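Beneath this line is the structure, given in structure tokens, with notes to follow.
Letters A, B and C mark the chains in the order given here, with residues in each chain numbered from 1 onward.
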């Protein structure tokens, strides 16, 4: 087998040195009762060609060559060529977690740069080296707020991604962390501040909002912050569309910013792997979950980086750790770092502007349902056609339409969530609008 | 090495009782075991802590150690120098690097703790 | 004598921000085919940011040089062996990278209509089936993103079952040899942790278990083989003790590389377990992730699995969201699909017999290393080891040299260190796992290096204590890094 670098004669030599006459003897000490009774019911190994063919056949059974208007937490953005060039280097792809700083400065340096760029984008003081994804970053942020405030309750906006809220509930259930939702305003699609005010109390640890929210609306972050802070709670701002940071004002009033970096050259890949982040103010540093890379000096006085503040983490603090996270998303975060480097200061802004322009062109053709300001997604409905009917007609033209919202918001069952990015063609938007008529 | 007028615990804390006030710290043995100290986590002023319960922790790069309260009381002062210079715990654990001062609820509790001689014998046996 | 490495010139490189200057670009966007909108008009002036201060501005050439130079400062599996215990740093097959990037898979949106995602769903179903077969369990969820995430899922499953039976119970028993994620996970799942001390021989103390399992105990979390690399020979008995008291057995699958094709956890009483695809199934570590932590369960736990589940609907696959008893979601969407693709490529390449052969080679390599190093390093537990072996630094500690120092000196010999100071039940542990993808030559070089260092400890301990000497970065001051954290670059 091509991944096993031993010849039979070498195996014999090694078995001799082990003092056994056959490889089976190495397992002789296992109780008979635990041994497998028959060989694994898996076909024998196949060739490289056959493996590639298998996956090509599966890929052909997925959508190919469709234009897509899906967003809803996963976005179609162009992936610069440099991204795969860099992450394909064996030194990045096949290296381990950088616990041994002397031989991991490549990884450590790129993580330090990543942490810096996230702070620059979000306006926060410190960012970690990644969480699994945006959805798990939400409960991690909520648990952080509980540790920081000593209070137990979470108030989360309904306009936060529905699956993110589901994940929050799964985690919260066993933490003794009550979760309550507050609504959005029918007309604007922004959070309902009155509803938030009504539900707010002195026992709340955090208020969680998303901006741009699930409906694409750039939300009332400042106002939410006021209500939260007035009552001694932290404001957590979630994001799912990282490209929006190219244009949208970062939330200076937030205590924690958490979200998803998939837009930064991470393939949609049917749901993962992605990379989440948590960023926060200096004063909450010791409550941050996950790895942190810090700057220091080596014994020769040269600048060097290392993992730091590890006493927050599971391998030291065990049951009192800030999180149980160990493996995170380092290589994925590196993709984002290369993306951010390639686009840079001007490029990210231009990219965001293109996204904004494309979506607003579409909104000129298909009227948005909400009046609030939106980035590259908006909710729309069509006269006389259900979302399913509209999408069925679009599929005939090899277009995947917007996400029907009925599955998440029964009151919006007649609407879809449309997304347009820099990759969306004007002609496809015209076609989508045509079919809507 | 170990001040005669202090009392000591098996968890390597010391307490100096002066009337109704107790000053608490960790012993030289504790700081040596921990290595270079990087951070100290202390309770807020006003916190009431029972004997034996954790009042905070001391961290080195690779380890965390809970600090257990030798005698019950209410926190009246925390050492302001430790936030900026946690390393003073390595150099002067019995003096300048005290952790907290308490208003003792039962000063007599200190009697049941070890004397300096007993503590030295205890750590000698541990080695 | 060090013959595996030679000092070489490596490029220096600053931080990308230090290379930036205004106006440099590494990108070009196409012209808009729609009118440009004014951001302030569209979003409201208050919502539009000023420039992203300090963000990089470099050309493509500088970008490529930057990351390439940085990469040369890393060690990697592609360079040589990582003897890290319980990490299973095996070769990352390159075909995995190719198939994961096939367009129809890489660009699949999780919300695209199921009729247009059948290929992705078929892959997931195939992975579920293969992992169930390998573990001897009845059902698998692919949703968890990593091992710790899988552990949390598994413990939540146990809680849900026990709750349904009337009492979720209060504690989880965890051996003192366990990985730190185990107790951290138990705490997040709302359980108190009770430590169970290993026996004198380093394995599960069944008598202690019998005493400790009360009606308050929800489960025992066990790693098998344990973190000493030793098979828990009493595990079936442990399972019985737990089940008799209505408690469950969770297995941390981090060490599955010793069992694939040899023994199946489902056959020896495990109720629920997680797998680390980035360990046993060769998906790349990438400097710290991504991973995937699928969870395999016995039938009794199936109803509680995270939603949605794949099910067959006629000739097609569909997602079933009507799961009344589910614990809910542990992650958005379906799991780290791209990692699942890589793991499946690995499974297809080996096949059933091949997977078993890999396990045999993995154990052979570890036992070989044990035999060769036993004369030089203290072996605290003498039973048969499987895919990894744990020594202690007792002998060297007498001369003032600890496991951490030996590990750093190993770097000078051209290797990544083994796992230092874990498991905690061994004083000054050296935890070594070669994996099956190391050949005799590399392993012999590793053994020679370790023996040479053992000799250096006697003749020149300072050399070892101040290692590494040959790297471009010497020992980093982790104390100052923790006392005065600097976690981001700031302009001067």
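Just so it is clear, a residue touches a chain if its C-beta (ideal position, glycine included) is under 8 Å from a C-beta of that chain, and two chains touch if they have at least 3 such contacts.
Note that the structure is a prediction, hence the values are computed from the model and not measured.
Asks: Considering A-C alongside B-C, which chain pair is linked by more C-beta pairs in contact?
Replies: Higher C-beta contact count between the two pairs: A-C.
Asks: Using the mean of all protein Cα atoms as the middle point, what chain has its own Cα mean nearest that point?
Replies: C
Asks: Between subunit A and subunit B, what's the gap in Å when you average each chain's C-alpha atoms?
Replies: Spacing between the chain centres: roughly 44 Å.
Asks: Centroid from C-alpha atoms only, then distance subunit B to subunit C, rounded to Å. What do you get?
Replies: Their C-alpha centroids are separated by 38 Å.
Asks: Distance from the CA centroid of subunit A to that of subunit C, rounded to the nearest Å?
Replies: Centre separation, subunit A to subunit C: 19 Å.
Asks: Two or more other chains touching the same residue: where does that happen in subunit A?
Replies: Residues 311, 316-317, 320 of subunit A each touch two or more of the other chains.
Asks: For subunit C, jot down the residues that touch at least 2 other chains.
Replies: Residues 478, 482 of subunit C each touch two or more of the other chains.
Asks: Pull out every residue in subunit B that's touching 2 or more other chains.
Replies: 38-39, 59-62
Asks: Mind listing the subunit B positions that touch subunit A in their complex?
Replies: That would be residues 38-39, 41, 59-64 of subunit B.
Asks: For the complex, give me every residue of subunit C touching subunit B.
Replies: Contacts found on subunit C: 421, 478-479, 482-483.
Asks: Going by the contact rule at the top, pick out the subunit A residues touching subunit B in the complex.
Replies: That would be residues 286, 310-311, 316-317, 320 of subunit A.
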